[in-house]
Structure formats: structure tokens, C-alpha cells
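First chain A sits with chain B, and in the next complex the same chain sits with chain C.
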Partner chain A sequence: MSEIEEIRKLVAERLTKGDAKGTTIDGVVALCKSSDGIAPYVFQKGDDLSGLEISPKYPVMTLVSKLHKMFPTIRLGVVARGCDERAYIEMAKRNQIDPDRLYILGFACTAEDAQTCHCLAPYPKQLVVGTPPAPGPINPLVEKYDAMSLGERRAFWKQQFNKCIKCYGCRNICPECFCEACAMEDMAWVEPGLLAPPFPTFHMIRAMHMASRCIACRECENTCPAHIPLTVLYDLMRRDITTLLGYTPGADIAAKPPLSVNLDEAPLRVGAGH
Partner chain B sequence: MGVDFEPKIVAFMCNWCTYAGADSAGVARLPSPANILPIRVMCSGRVSPEMVMRAFRAGADGVLVMGCHIGDCHYSAGNHRTIKRVPLVRNLLGYVGVNPERLELQWVSASEAPRFVEVTKAFTAKIRQLGPLAEEVAV
Partner chain C sequence: MEYKNTLTTCIYCGAGCSMYIETIDGQITGVWPSKTHTISQGRLCIKGWNVTEFVNSPDRLKTPLIRKGDQFVEASWDEALTLIADKLNAIKQESGPDSIGLLTSAKCTNEENYLMNKLSRAVIGTNNIDHCARL
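This part shows the complex of A and B:
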């Protein structure tokens, strides 16, 4: 049985029998193929599952979060990749998803996905279907970054951020961008009417907000119409969060968001020099 | 950037410690650099990365964030956020090519008037050495 067939079978099973504990599931969030293309969909009991798809990559947890908020008692299943599970972990601890009302049916990405995403964990911990591929390589841009001078870095980002058309696609697709009021739309921080948006503040705001949250799903970079290598910046911030605070976004649902708690709960690892 | 360059420095000072410290420096007639533009905030933890970036964008050559020493915060742990946040903003400045030395975090209590003078003098001297931010950022 192929991976996709196995997933379809398991989804049908969960819809009739409920989750691992036997609790009824109202629907399973997954991708569905229709005449219009492939889009996220909530499969319910009795639905034809032949249209269920796992590709292309799509951040399904955003839909799960919306459904959990719209329907406060709904119990869902979700067909999820490694990055979806990491997104879930960061969202759950920030009250965007109720872990008690979610069953995760995890599947492993292909080796090719892992390569293109520079993914360090291309499979969920709650792996049900598939064989874990080897992690992808670190982005070469991140690897050589420390050797770049301040001037080189500035020239690089100035050129990249000048391409920005301020479409907010990076924010909109991001599973971790769920604030109701966005600092990137606040006139106090971002002057309206400027294209490209102010360098470097516009993109720095997002990079700061992503620190301790970015789970490296690469959706922002995939969606960016200007092909700005945003995750280079976010990967560097991820590295800093790990070095400074010993925190890896998306790794542990019990670990508190380090920037939102005091030093007793999440101490600084290395002295900040003050 | 000659020695004639006088840097503009925005200093975010917490209401309970540093602002009072700056005040007592003034009362004691201890001269501190006129380059400092003080902005009083209720807590150093209130200083968001956006505020720091806006200061730079508005023409500051350096930004100083000052608050109560760890353990002395009026809100008990507001400065815990600051001590985690500022190093991250500094690193990020470096990543986009702005010298991270232009942002600094210093603790100055209400009774440390001489320390306030010392810290602001040292930071002003450092930024004077670094030169105008506009020159650095103009590629």
C-alpha cells in the first residue's frame, strides 16, 4: 500500500472509530483535490476520501486553529508533517490550538522535501505513516553568514528587501503569526505608503517576532513573490534563541515561551554581558 | 566622521530606577552628556524592539536601554524580559548589517547618580567613535 493510500485508510478508520482513545472525531483536516486544485478541507464521516492529498506542503494548523476558535467543542484530527506538528506545539502553548481536542496523524516527508526545506526534522514525533528521511542540509547562506562583514550583510539584505512589495504574504501564510493587531501594520512603527517598506525596520520587526516561534516550515519563503530568502534571517534568530535561552521552537510542548516568562522559568544560558 | 561629530542618543529610562538616578545626577550637579535624549518608560521591559528601531529610524546614532538591576524591578520581573530581548535585538542588528554596539543595555538604580553619568559618558564616547549611523547605513 502506498503512503497516501495508507493515510486515506487511517483517516476513514479514525472518522468511524474515533481517535487513539476511542473519542469521536468530528472531522479530519487534510488537503483535498477538486476540479479547482488542491486546498485544505475538513473530511467528515462518510466523505469520499479518494481526493485526500498530502502534497503540496501547506500549513494545515492555521485552519485547525481557526476551527478550534470558531467551534469551542469540536474535536479534530489532522494529517500533519513534521513542520505542522512543530507549528502545533508553538500554537498550543500560546492558546491557539487546544491539544485536548486534536488528534495528529503524522506522516514523514520525502527525502526531496527535506532537502529543499533544509529541514532538521522532516517527520513528526507522532509518526504514523512513512519512514523518516535523513534531515536536510543547513542552508548554505546561514552557514557562511558569520564570515560576512557588516557591510556585506547590509548590502545583501538591502538588495533583497528592496524587492519587497509589502504584500504581507510572509505573515499571512505563517502558522505562528496569529496576532489580531499586527505591528507590521501599525503606523507607529511602519510608515504607510513606502515601497519597498522601510529598510531594515519592516523586516526586522517580523524577524524579532519570529524569534522563539519560527519552526522553520519555510512557508514564508515559498510564498514570497519576490523570492526574498527570509528564513536565512529567521534561522539565525532560531540559532540565537537556542544558544541564549536553550529553547528550540516546536520541540517541546511543556517548555514555556522563553521571552514571555521571567528568568527563573527560562534563564539566560550565556551572559548577555550586562 | 571627525571628532566634531556629536552623536544623537536615545535613552529609554525606567521610571523607578534610572530616571530617578538621572534626576539625582542633575540635582547633584554631576555633568552628563547633552547627547542623551531621555525617554521615560514605566519599565525597561516596555521597550519593544519596534521602539528601538523607530529611534534609529528617527535619526538616533545609538540607543541606550536602562532600567533597574535584576532583582530590583518595581514590577518584580519586567527587566527579565529586557535582559532576554536586548541581546536578541543586538544580534539582529548585526545580521542586517548595523553595528550591534549601537544598542546597549545598562542597569542604573535610583541611587546610582555617578553610575548614570559614567554609563552615558562611556556610551556617548563609543558612539562618537562609531560615527553617524546614516553614514554606516548608506550603502
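This part shows the complex of A and C:
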């Protein structure tokens, strides 16, 4: 049985029999193929599952969060990749989803996905279907960036951020961007009506807010119409958070995010990093 | 709960980016870029991301308005279209078909623009037709 057939069978089972404990599941969030293409969908009991798909990837946890907030008793399942599970972990810590009302059906990404995403963990911890592929390589642009001088780095970002058309797509698609009031829309920081947006404030606001949140799903870069290599920025931020604060976003649901606790609990590692 | 994603094309320009309008129980709840669409490939501009904003806007015009004196008065489509046809006919009779010009839009579909061409050249009888980008 192929990976996708196995997933369809398991989803059908969960919808009729409930989760592992037998608790009813009202719907399973996954992707659905139709003549209109492939889009997120909530499969419910009795639905035809032959259209259930797992690719191309969409940030499905955003939909889970929306449904959990709209329907306070709804119990869901989600067909999840490694990055979806990492998103789930960081969302749960910030009350964006209710882990008690979510069943995760994890599947492994393909080796090709891992390569193109430069993904270091291309499978969820709660792996149900598939075999974990080897992790992808480190983004070659990050290595290139590391070799640059400070002046070259500034010039690099200046050139990249100048391409920005301020679509806010990076923020909109991000499963970890859920502030009710967004600083990127605050006129004190970002004057409306100007292109390119203020350098480097506009992109740095988001980068700072994503520290200890970014789970490296790559959605921001994939949706950027200006082809800005945003994952370089977020890979560097993730590396700093891990090196300086010992925290890896999306790795452990019990670990407290360092920016949400006081420094007594998570001291900076003086002298570590670069 | 009824969950639906409806594929549609952005109305704001001629590029033809595609997106899904997400509805839950018949209410619009969001926009997903279409990753499988050839044109936009999962990318949108700020207009596309906010394409649903006007749908439930209190400022949205839902009927044609006819100016009567110094006021705009709500009218039916039949009423408005009949008025437009009568006025265009009167102008054509008085000053000829070339006294009329038609401006189309990049927001229209190719087919709608084709129909505007028909209306202009075959019905009214003028080549005075252009698009909004040359206004």
C-alpha cells in the first residue's frame, strides 16, 4: 500500500472509530484534490477520501487553530508533516490550539522535500506513516552569508529587502504569526504608502517576533512574490536562539520559550555563539 | 460544519493570480493562495491577500445609483441600463457614433473585454475603445 493510500485508510478509520482512545473525531484537516486544484480541507464522516492529498504542503495548523477558536468543543485530527507538528508545539504553548482536542497523524516527507526545504527534521515525532528521509543540507545561502563581512551582509539585505512589495504574504502564511495587532501595520514603525518598506525595520520586526517561534516550515519564502530568501534570515535567527538560549522551536512541548520566561529561568549563555 | 475553499481569480488586475476563498458555514473566513495554479504558484500581492475585504463592507454598492438633481438614488439594473441605452442612443443620433467612447478595464475578463469591443464597434459603430491603463 502506498503512503497516501495508507493515510486515507487511517483517516477513514479515525473518522468512524475516533482517536486511539475511542474519542470521536469531528473532522480531519488535510489537503483535498478537486478540479480546482489542491487546497486545505476538513474531511468529515462520510466524505469521499479518494481526493485526500499530502502535497504541495500548506500550513494546515493555521486552519486547525482557526477551527479550535471558532468551535470551542470541536475535536480534530490533522495529517501532519514534521513542520506541521513543530507548528503545533509552538502554537500549543501560546494558546492558539488545544492539544487535548487534536489528534496528529504524522507522515514522513520525501527525500526530495527534505532537500528543497533544507529541512533538518523532515518527519514528525509522532510518525505514523512513511520512513524518515535523511535531513536536507544546510541552506547554501546561509554558508555564503556566514563568509560575508558586516558591510557585505548589510548590502545583501539592502538589495534583498528593496525587492519587497509589502504584500504581507510572509506574515499571512506563517502558522506562528497570530498577534491580534501587528507591529508591521503600526504607523509608528512602518509608514503607509511607501515602497520599499523601511530598511531594515520592516523585516527585522518580523524576524524579532519570530525568534523562538519560527519552526522552519519555509512557507514565508515560498509565498514571497519578490523571491526574497527569507529563510536565510530565519535560519540565522533560529541558530542564535539555539546557541544563545538553548531553545529549539518546535522540538519539545514541555520546554518554555525563552522570550516568554524571565532571564532567571533562561540565562543567556555568556560567551557562546558568535 | 461546512468547510469550503472556492477557487477564484483575483479581480484587481490582469495578471490572473488565483486564490481560494475559504468559507466556514457560508461565511468568508480567509484567503489561501493556490499553490497548484500555474500563474501565481502560491504567491499573491497585498490586494490578492485582501481580495475579500469589500464583500461584507458597509460601503459596498449593491444596486446601481442614478443621479437625480444633486442626489444619487438607488435603482434597479433594468432601470439603470435602460437609462444608459436611451442616453447613448440620443447622443449617437444627435452627434454620431464617434461622439461616444468606451473605456474597459484590466479587471474585466478577456471575454468581457471582447464583448465591450462588440458593443463598441458592431452595436454603437465606433472604434473609440481603450483600456483603463491608458486613461
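List of remarks:
The rule we apply is simple: the second predicted complex is superposed on the first by the 270 of 274 C-alpha atoms of A that agree within 3 Å, B and C clash if a C-alpha of one lies under 4 Å from a C-alpha of the other, contacts with A are read in each partner's own complex, and residues count from 1 in each chain.
By definition in this document, a residue touches a chain if its C-beta (ideal position, glycine included) is under 8 Å from a C-beta of that chain, and two chains touch if they have at least 3 such contacts.
Since the structure is predicted, the reported quantities are computational estimates derived from the model, not experimental observations.
For the composite obtained by superposing both complexes on chain A, the positions of chain B and chain C are free of clash and fit together. In the superposition on chain A, A:222 contacts chain C only, with no contact to chain B.
Touch criterion not met for A:9: it reaches neither chain B nor chain C. Of the two partner chains, chain C is the only one touched by A:26; chain B is not. Once the two complexes are laid over each other on the shared chain, residue contacts for A:172 go to chain C alone; chain B is not touched. Of the two partners, chain B and chain C, it is B that touches more residues of chain A. In the superposition on chain A, contact of A:236 is made with chain B only, not with chain C. Contacts of A:66 after superposition on the shared chain: chain C is touched, whereas chain B is not.
Rounded to the nearest 10, the superposed model shows the Cα centres of chain B and chain C diverging by 100 degrees about the centre of chain A. Of the two partner chains placed by the overlay, only chain C lies in contact with A:74; chain B stays clear of it.
In the composite built from the two structures, the nearest CA pair linking chain B and chain C is 22 Å apart. For chain A in complex with chain B, the residues that touch the partner chain are 145, 150-158, 183, 186, 188-189, 198, 200-201, 203-205, 207-208, 211, 233, 236-237, 240-241, 244-245, 258-264, 266, 268, 272-274. Looking at the complex, you find that chain C touches chain A at residues 1, 3, 5-7, 18, 20, 22, 24, 29-30, 32-37, 42-46, 48-49. Contacts from chain A toward chain C in the complex involve residues 26-27, 36-42, 44, 56, 58, 66-67, 70-71, 74, 165-169, 172-173, 222-225.
Within the complex, the chain B residues that touch chain A are 48-50, 53-54, 56-57, 70, 76-77, 80-81, 83-89, 91-99, 105-107, 136-137, 139.
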